[in-house]
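The same subunit A turns up in both complexes below, where it pairs with subunit B and then with subunit C.
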Partner chain A sequence: MSDSPAPAIELRAVSRWYGNVVAVNDVSFEVGPGITGLLGPNGAGKSTILHMMAGLLRPSAGEVRILGQPAWRNPAIYRSVGLVPEREAVYGFLSGREFVELAARLHRLPDPARAAARAIDLVEMGSAASRPCGGYSKGMKQRIKIAAALVHDPQVLVLDEPFNGADPRQRLHLMDLFRSMAAEGRTILYSSHILEEVERIADTVLVIVAGRLAASGDYRSIRALMTDRPHTFIVRSSNDRALAARLLDEPAIHGLAFEDGRLEVRARELLAAARALPAAARAAGVTLYEVRPTDESLESVFSYLVRR
Partner chain B sequence: MHVIETAALTRRFGAVTALDALDLAVPPGITGLVGANGAGKSTLIRILLGLLPPTAGAARVLGFDVAEDGPALRQFVGYMPEHDCLPGDVSATEFIAHLARVSGLPAAAARERTAETLRHVGLFEERYREIRGYSTGMKQRAKLAQALVHDPRLLFLDEPTNGLDPAGRDDMLDLVRRTGREFGISIVMASHLLGEIERVCDNVVVIDGGRLLRQGPIAEFTAATGTLAVEIEGDAGPLAAALEARGYPARREGRIILLPADGDAALDAIRDACADLGVGLVRLEHRRQALEDLFRAPQEAADAAR
Partner chain C sequence: MNFPVARLTARMLLGQRRTLLVVLLALLPVGIALLFRLAAPADADPERFTARTLLGGMLTGTILPLVSLVFATGAFGQDIEDGTAVYLLATPVPRRDIVVARVAVAWLAAAALLVPAALTAGAIAIQGGDPGIVAGFAAAIAAGSLVYTIVFTWLSIATSRALVAGLLYAFLWEGALSGLFSGIRFLSIRQYTAGIAGTFFDLPASVYQPRLDPLPALVLAAAVGAVFLLLAVRRLERWETGEAA
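Showing the complex of A and B:
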């Protein structure tokens, strides 16, 4: 743990209980600039963690710090944090613009109208901003909530399932928005159940299972640590049997099978097997048509962590 | 024979045209319904259930005219709405048996069908508890059960995985697939998650702004492109340079190297370059189109397909 500069988000031995129910159990981690995905089954404690980060919920034990400052009882941090809650937290009787301007005024921004217009532009809600939020679709409510959380240009953005209800085009647009904000050096932490999207935009993941931190970091490095799970490739080539015969000589390979007319290659170490493959194919005079790992996605990493 | 056929189907709400001269022909099987928010998906489903009359045009579902034969049609279709529509103060058993009776089953048959259906969707001990205490996953299962209890031939599912966590999503998608394949029930599934559609559907219908954008077998949307995608362990720079040196224009996209699929020669060049450099070849495949490409700006889509 380095002393300088302070991490954007830091949890130190944080627990939160409701009566006898332990929602978050002794969790410590740090989050830096870039996009981080917060993953976990329903009820794992993700929303509780996000609300503690935004200073809305007191940790029962431990401390949450944002940019080096405590998050609880410290209104000053509200200027550097934006929270997009999961619930439909919009007022139906306000127009989208009024709702975002309200957020701007609560932050005492010098020019609320301009700040609101900028945030509304970022989420492409300009054409609907004069209509009442009550008539918005789920995807529109989601985007206006994001605009309200962005209105004060926060350094740290915390989002609880921000893609919920967004259609395919809106999802692509929000992903681009997050990427460009991350490129500006901001910290974006978001919870999601859609692992194939997290895999595409998040640099690192935090996996929460039953209130505890089960893993954190680049999911590929997490996968590499799961040495008890063999790595499997599906290989198609011009001559699968000649390739298999050659691969048998490679100590890195510990299993070969023909399944549904495809060659399945198993290894204890991903890298060693990935190195052996092209060399063995060349030595056997075989053309590789396709090489596909079957068990390396965020989805399989996640399911191992949760099942455990 | 198609399970759904529409001809110039149009629905206006005042000045707003929700559906604009839609011509659909949906074959049996599992069909994904995709479109932007406000594209007219919900309006379409309500018309196909015979609950909302079209402004113009015609629609036939399982051969029934939706405008004329709504009540007869609804004996053969099931509907799982997107929103939370379950009463809190009864158990799933009571609620679903009640709906089975409403569909015209005698009391004894309704009880038996309810038990079978709840087992099929994976609600066991919970089925005697009040619905208000159910998790999101259990509620989604109960919603699916009420759509299935009267043994329909066609099922409309509106965002069936909404709010589910990864394990719950897998279970629900598996259930949708089993319901479609093993029971031979045709399914129309609306979803924003294109990966889900690619995973379980045979066909897809894409509507945009009330108009038909594309319809057809899913394979048409995920065909291989003329691009090879190569992923290696570690820095992609040296491999990209080595391929360039062999005369293959390699583009980099993060950890992935893209180059034109130029027959076996290109594949062998990748193999040999990896072997020479001693780098690990983690993935080598023809890049496929994705449903998502339909929703990108034309230039981006062209880049992605290249």
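Showing the complex of A and C:
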């Protein structure tokens, strides 16, 4: 038998369906201390996975464990877990301080007022803490929700799109806060559909597409997978045909076509194409007017990862 | 009882506009009693009016279920609908404690309105008749509001259409259909309430006669309250976010 401690978050062959619709399909992974980004386009199943981790949704199949304990129908896990839901709603009639103190009291903390004050300071909401939550901006609601999730100093923090509505300065502050918590050995898992956001904070990434785990691991290697894939560009130049003839000699280019009178260039990977196109234009004496990728949406990037 | 949950629930109820409407509704029997006292015909029977029309009819039959329904759905349905319930459910507080605290607050709110309304309206209308009628209905309304609150709390957790379902139960099932099928009295909180009230008085059938005897009414009320409380706890323990509840 292994003596290694249980992973902070563990999903084993987890699926979740609603009637005939499969929202999450046979997903397995483990998450340990540090910051892990759950990345995927809208509707990919990120929130469903987060809600199953938070014990608020029953897996249709498989098992979700938090610190070795089942997440579903086990309120005891919330002593170690903090959850920041995506939905904006808070108790509008409570002040920010009352809202965080309520969370402290529900966790039966010995000094709720002090714990709330500490959590409110962490998210820099001290100056607005006496105002009713109903009058907060989206970013303020987000921060007070984070304070409520942090009030009991959880070992595992689960955040669903936590930077929604936060301005750039608040975003940086929250990122610093999460980094310092991760450095203390806590597990932070947060969902996002924004690549750049994940890039700035996550050590590890789980990519979810259409309910399946498309990729997982170190952020840089996944980013490389996303970049080093076939790309298609629409190119507009002073002489498309001369440019096309020159591009035929470029090893990085593996396809050329004229679609509706426009030159379509297919390259094996992004950086090689970025070098080859201007070089070919210069060699052919052609001026480039426009180079436009056709498939840069997050969905197409993620779809590529799934196909791999 | 979990006091943070109870305090939160009380503030939720106090902050709702419909609470004001419910207060006005509870004052209605007092107004009717005053009218009766001032303008009733000389041959009117105060006991019959108080038992049959005012307390057994208007208050028990209409206002009691309405007030209980508004408070029960206000205590639970709203935060399930807007997603704020997650801030209670994602805590170590056992779901049983959440249900009990919410039922307790909704019941206390309903009873705090209805019992004084019954006592005041009854005292005004009875005019020297049997005071047991007023005491009986006041006690029975306190018990009936608890059973209604529990059942409507379960409805609030089980369905997003608790208000409509509650109205159908109170006015179609207990109102229209119970007149057609006498067996419905065994499945009617209104009849349990009337039966419990009957413990306190013994009136001729021409004045007022509950359809259930006190003992079966009491036993059925206790059984229905206990079963639906368990169902509500069980339902909340299995509640999933994103449900249509």
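The criterion applied here is as follows: the second predicted complex is superposed on the first by the 218 of 308 C-alpha atoms of A that agree within 3 Å, B and C clash if a C-alpha of one lies under 4 Å from a C-alpha of the other, contacts with A are read in each partner's own complex, and residues count from 1 in each chain.
As a convention for this text, a residue touches a chain if its C-beta (ideal position, glycine included) is under 8 Å from a C-beta of that chain, and two chains touch if they have at least 3 such contacts.
All values derive from a computational prediction rather than experimental measurement.
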| item | value |
| --- | --- |
| Contacts of A:N20 with subunit B and subunit C, given as first, second, both or neither | neither |
| First, second, both or neither for A:L57, with subunit B first and subunit C second | second |
| Touched partner set for A:Y91, first subunit B, second subunit C, both or neither | second |
| Partner chain in contact with A:S127 - subunit B first, subunit C second, else both or neither | neither |
| Subunit A residues touched by each partner, larger count belonging to subunit B or subunit C | B |
| Partner chain(s) touched by A:Y78 [first = subunit B, second = subunit C, both, neither] | second |
| Touching residues on subunit C, where the partner in the complex is subunit A | 2, 4-5, 8, 11-12, 15, 79, 82-84, 86-95, 237-238, 240-242 |
| List of subunit A residues in touch with subunit B within their complex | 39-43, 137-140, 164-172, 193-196, 238, 270-275, 277-279, 281-282, 287-293, 296, 299, 302-303, 306 |
| Interface residues, subunit A side, partner subunit C - complex | 51, 54-58, 73, 75-76, 78-79, 81, 83, 85, 87, 89-91, 93-94, 99, 102-103, 105-108, 148 |
| Contact footprint of subunit A on subunit B as seen in their complex | 34-39, 135-137, 162-169, 192-195, 232-233, 264, 267-268, 270-272, 274-275, 278-286, 291-292, 294-296 |
